[in-house]
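What follows is a group of structures, each given as structure tokens.
You will see subunit A twice below: alongside subunit B first, and alongside subunit C after that.
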Partner chain A sequence: MWYFKALPTSKIIQFICLSVFLIFFFGPLLNLLLLAFSGEWQYPHRLPTSWSLEWWSFVLQDQSITRAMGLSFLIATIVTLLSLIICLPAAYTFARIQFPMRRFFLFSYLLTNAFPKMGLYVAIAVLFYRLGLMNTFVGIVLIHIINTLMFMTWIPSAAFANVHQSQEESARDAGASPFQVFWHITLPMAKPGIIVASVFTFLSSLDEAQGTFLVGIPDYRTMPVIMYSIIVDYPSTAGAVFSVILTAPTIILLLVARKFVGGDALAAGFKMK
Partner chain B sequence: MSELAVERKTKKPRLNWSKKTKRSILGVSMVLPSFLLLLVLVIYPVALSVMESFKSRDGMWTLDNYLYLFTEPHMLNNIKHTLQVTVLSSVFVLTIAYSIAVYLRFNHSWIAKMVGKLYFIPMFIPGVIAIYGFINFYRDNGWIARLIGEGNLPSIIYDMKGLLMINIWFNIPFTTMLLVSAMSSIPNAVIESAKDAGAKKRHLFFQFIFPLTYKTMLVALTFLFMGIVGSFTAPFLIDRNAPQMLGVAMQQHFSSYNEIGQASSMAVFLFLLCSFVGYFYIRSNMKDSTKSY
Partner chain C sequence: MSIQLSITNVTKLYPTGEGVKDINIDVRHGELVTLLGPSGCGKTTVLRSAGGFIDPDEGEITITGESVVNIPPEKRPTAMVFQSYNLWPHMTVEDNLAFSLKLKKMKKREWKEKVCWALALVQLSGTEKKHPSELSGGQQQRIALARALLLQPKVLLLDEPFSALDAKLRLELREQVREIQAREQLTMLFVTHDQEEALSISDRIVVMNKGKIEQMATPQHIYNDPASLFVAQFIGRMNFLKGEAAGNALTIGPLSLPNVKHLSGEVTVGVRPEDVVIANGKGQGIPAKVTKVMMLGHYAEVTLHTFLGVLKMFIDRNDIDHYQLNMGIAVTFTKVKSFNGQQVQMKKEEISL
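And then the complex of A and B:
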């Protein structure tokens, strides 16, 4: 007790807040981690009574689960690349080129967030039935791209706009072609914003379940879709193992992209000029 | 692509017009692919949905779906519940995120550094998994109940409390990130000089920090509102069965009752709510804008 008395009150309050913060945000995750390695954990026990890896071998041997993981990453990669190709030119245009109805086009991307996703997916499903895109790979990729259009356009656009035009001008004066200027000056300087947008695109694709479920069933079952059925059908240990496997790659992504994932590029993307 | 720069330096008034048109065409053609995608995958389905909401089951034009939405007592309860959850979640998230952002900006202890490194991690956890972890953690025989003893925990899962908590969990990282960025763009010099002039902490906050960050709060609020009001997964897995959030009711009316018109009227209603919030967001963006096109 004497130790706590010696501390200033503000330190103690900070410490309590930190504890609440840690328990609230990471308690549920730690719980899953413990569950994943537990053999037996009956109700009143505070910690697992025995440890085991049996569900790990079950999950890793189940072909449909490993296939779902491969599929999810394939889709996320394709979605990220495609939306880069589609959205970056638009983002650059919004930042640099003057054209009629620019603002109307720019703000129309907000529609992807303003209409409830469930309602949108249902309407798209009706459309996809007509076009024969139900239960196809293309259909899933398209559904995922919807969620990324806004991020992929707004954030890189703000990043392009923040590159000083004087730098581009001086490179032009030195004799560089417009494309060289873009490739060697503009693009590298806008890189942080583009990376943030790409990371979000990748994550949102990995995370998408509702639309994939509606459009991809029965042949295309991604990780989150399988996760739904695991929650319902299997004991919580199996669900926990799967959760850990599913989370690991995004944590790796987080570590790799940490340097770039700052709030600044993100915040700039939502303040349009 | 930076022809604009060249154009500005070597002003040739006669060429200007045609060059401007050329650039307009180039601009439109570069935006077109992504806009076409938006048109086919979002605008067209939205229009379909709006039309569907005015149709009865046998395809006649009618207002019945909206009548159902605004007169049926359980639907009114659902609307009330949806607004309640959305407003409460948004208020909690904004308050907590703002506190964290202020704390991270003005405190440099190791605790602050640690919080600064950890707060955005939930953003990287897939939604279903977070909810799954939440249920295992807080349910009546979950880990918390085991740690503090049976009966000491109010029911959290399958209750609005649980839904509010998971909304806070999901949305704090994004909101805090935006606010931290807004805070860090307040120059130290502004704060130091205000302090030197004898400004009290409260004064400093309301005169400088709040006005410089409230626009970002509006941005955050817009996306919080839009994200929560139409959400499905979290309320479906965590909330009580009645009243429901409209996102869940919509899904049920569509897949269980096959009432496409009623489901669409809910979607359109949620869309109108979001448009209302979005309007303020767009207006505030327009006001700041230095470009006039």
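And then the complex of A and C:
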């Protein structure tokens, strides 16, 4: 106790705040993890009474579930690559070229995130019916890209803008063609921002359920879509196993990219210039 | 010596109305020419035109006799050092320096040797594996200079390369650049707004104002004989007084001096503080009152109040005891420059240091 008495009040308050935050943040995750590995867990026991991997084998052996996982990762990869191809040139344009209505166009990327998603999806679904894109792979990819456009343009655009004109010019001066300058100088310098944006794109695609549900059912069931039915149809342990599997790629990706994922890159992306 | 860079009738006007008009500059081989002027005078436009980063509207630019107007920067035999952000932070110093050599598909042994040579030239050997962020601002600029030298340019262009550095470092680098330039027989076009810098390193200075060349001459000539009121105001310190010119005489208060330029009417007379001296005879010269004496190192500055206005006078630091506050003296001028028209009020930052 003497230790706590020696501490100033502000420190103690900070400590309490941190503890509350940690409980709120990691509590549910911990609970999920326990649940996923539990065999039997009944009230009033604080910990599971028996441990088992029963639901893990169920989930991993179920053909439709493993197929959904594969599909989810395939879609996320394709969506990320396509967004990169579509958005990087746009991002570079926004960063380097002053054209009329530039701010308006940059701002318009926010529009897809400004409306309730479901309303937007229903409107798109009507369009997709006409174009025959319902229940197709292309349709799902398109729906996912709508969500990722903003990240993929804003964040890399800020990263490109941070590369100074004279850094590009001195590369030209050193004998590099405009394309070589982009490849050797601008792109590597903007890489952290692009990686952050790609991670977000990948994760948001992996996580997308509403639009996929509307456009992809019945043939294309991704992990989040399957998750709904699992939560409804099976005991909560199955759901827990499944969310651990869904969470794992997020954590792995964030760990790999943690060098790049910082508040700076994100904040820069959301600054209007 | 032969002409290395020739800029002929170059005009570039921006939609804002700024720009440069009819610029003619010849730079000889091994010569260091400085473009000097206040911000917005067009000096950088001229430099960037030579480097290929700006397409002039009209005019011709040749390097060793060959036109470069339609050649992109990467193909021009020029190298440029920018004010800042020269280096690429994601590469080591070595990679920064070797970038151009690798583009030329040079063998590793060869470029390693060249990088070594360039680093030795700017006295930064041993920094090969460092990243630019680990170097100080002055070191980064030296690396940028080394990289420019590795291009073996026929003309080296420098765009205020030292202006982001602190005064002491600026002085040091200035000297170093001049040394390297003289040793390697480099042809350089140097842009600065710092008149002291221009005076100290140039073979010739081009003073620019509002997109036009005011005067092009050696530093000494420009200091001793400014061609226009603008140049007189911009270069060095100068007192300006009103005078009257008629016939062969130039009258400044009680003083009468020869009217060398044969002006007439009201003129502005410029006097350098070092050309203000105590009048010899009794009752001669302009009566003045000492209002301030400042010791400035190897000389001292005396501020005088006269009926013609405030005058600054430089004196030997050993004579400082002869001047007391509120003492009445009489001064005369050993050398004056007269100009037509009124003195223009310049913004403080334009006069610079």
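Note that the second predicted complex is superposed on the first by the 262 of 273 C-alpha atoms of A that agree within 3 Å, B and C clash if a C-alpha of one lies under 4 Å from a C-alpha of the other, contacts with A are read in each partner's own complex, and residues count from 1 in each chain.
The rule is short, and it goes like this: a contact is a pair of C-beta atoms (placed from the backbone, for glycine too) under 8 Å apart; a residue touches a chain by one contact, two chains touch by 3 or more.
This is a predicted model, so every value here is computed, not measured.
Of the two partner chains placed by superposition, only subunit B is touched by A:Asn113; subunit C is not.
In the superposition on chain A, contact of A:His184 is made with subunit C only, not with subunit B. In the superposed model, A:Arg172 makes contact with both subunit B and subunit C.
When the shared chain is aligned, subunit B comes close enough to touch A:Pro44, but subunit C does not. Looking at the superposition, the partner that touches the larger set of subunit A residues, subunit B or subunit C, turns out to be B.
Once the two complexes are laid over each other on the shared chain, residue contacts for A:His164 go to subunit C alone; subunit B is not touched.
Shared interface residues of subunit A (contacting subunit B in one complex, subunit C in the other): 169, 171-172. Interface residues of subunit C, counted against subunit A in their complex, comprise 51-53, 72-75, 78-80, 82-90, 99-100, 103-104, 144, 147-148, 151.
Per the touch definition, subunit B reaches subunit A in the complex via residues 1-6, 9, 20, 23-28, 30-31, 33-35, 37-38, 41-46, 48-49, 52, 107, 109, 111, 114-115, 118-130, 132-134, 136-138, 141-144, 146-147, 150, 165, 169, 172, 174, 176-182, 184-185, 215-216, 219, 223, 226-227, 229-230, 232-233, 237, 246-247, 250-251, 254, 260, 263-264, 266-268, 270-271, 274-275, 278, 281-282, 285-286, 288-291, 293.
Within the complex formed with subunit B, the subunit A residues making contact are 14-15, 18, 21-22, 24-29, 31-32, 34-35, 43-46, 86-87, 89-90, 92-94, 96-100, 102-103, 105, 107-120, 122-124, 126-127, 142, 145-146, 149, 153, 165, 168-169, 171-172, 178-179, 181-182, 186, 203, 206-207, 209-210, 223-224, 227-228, 231, 236, 239-240, 243, 246-247, 250-251, 253-254, 261-264, 266-268, 270-273. On the side of subunit A, the complex with subunit C involves touching residues 164, 166-167, 169-177, 180, 184-185, 188-189, 191.
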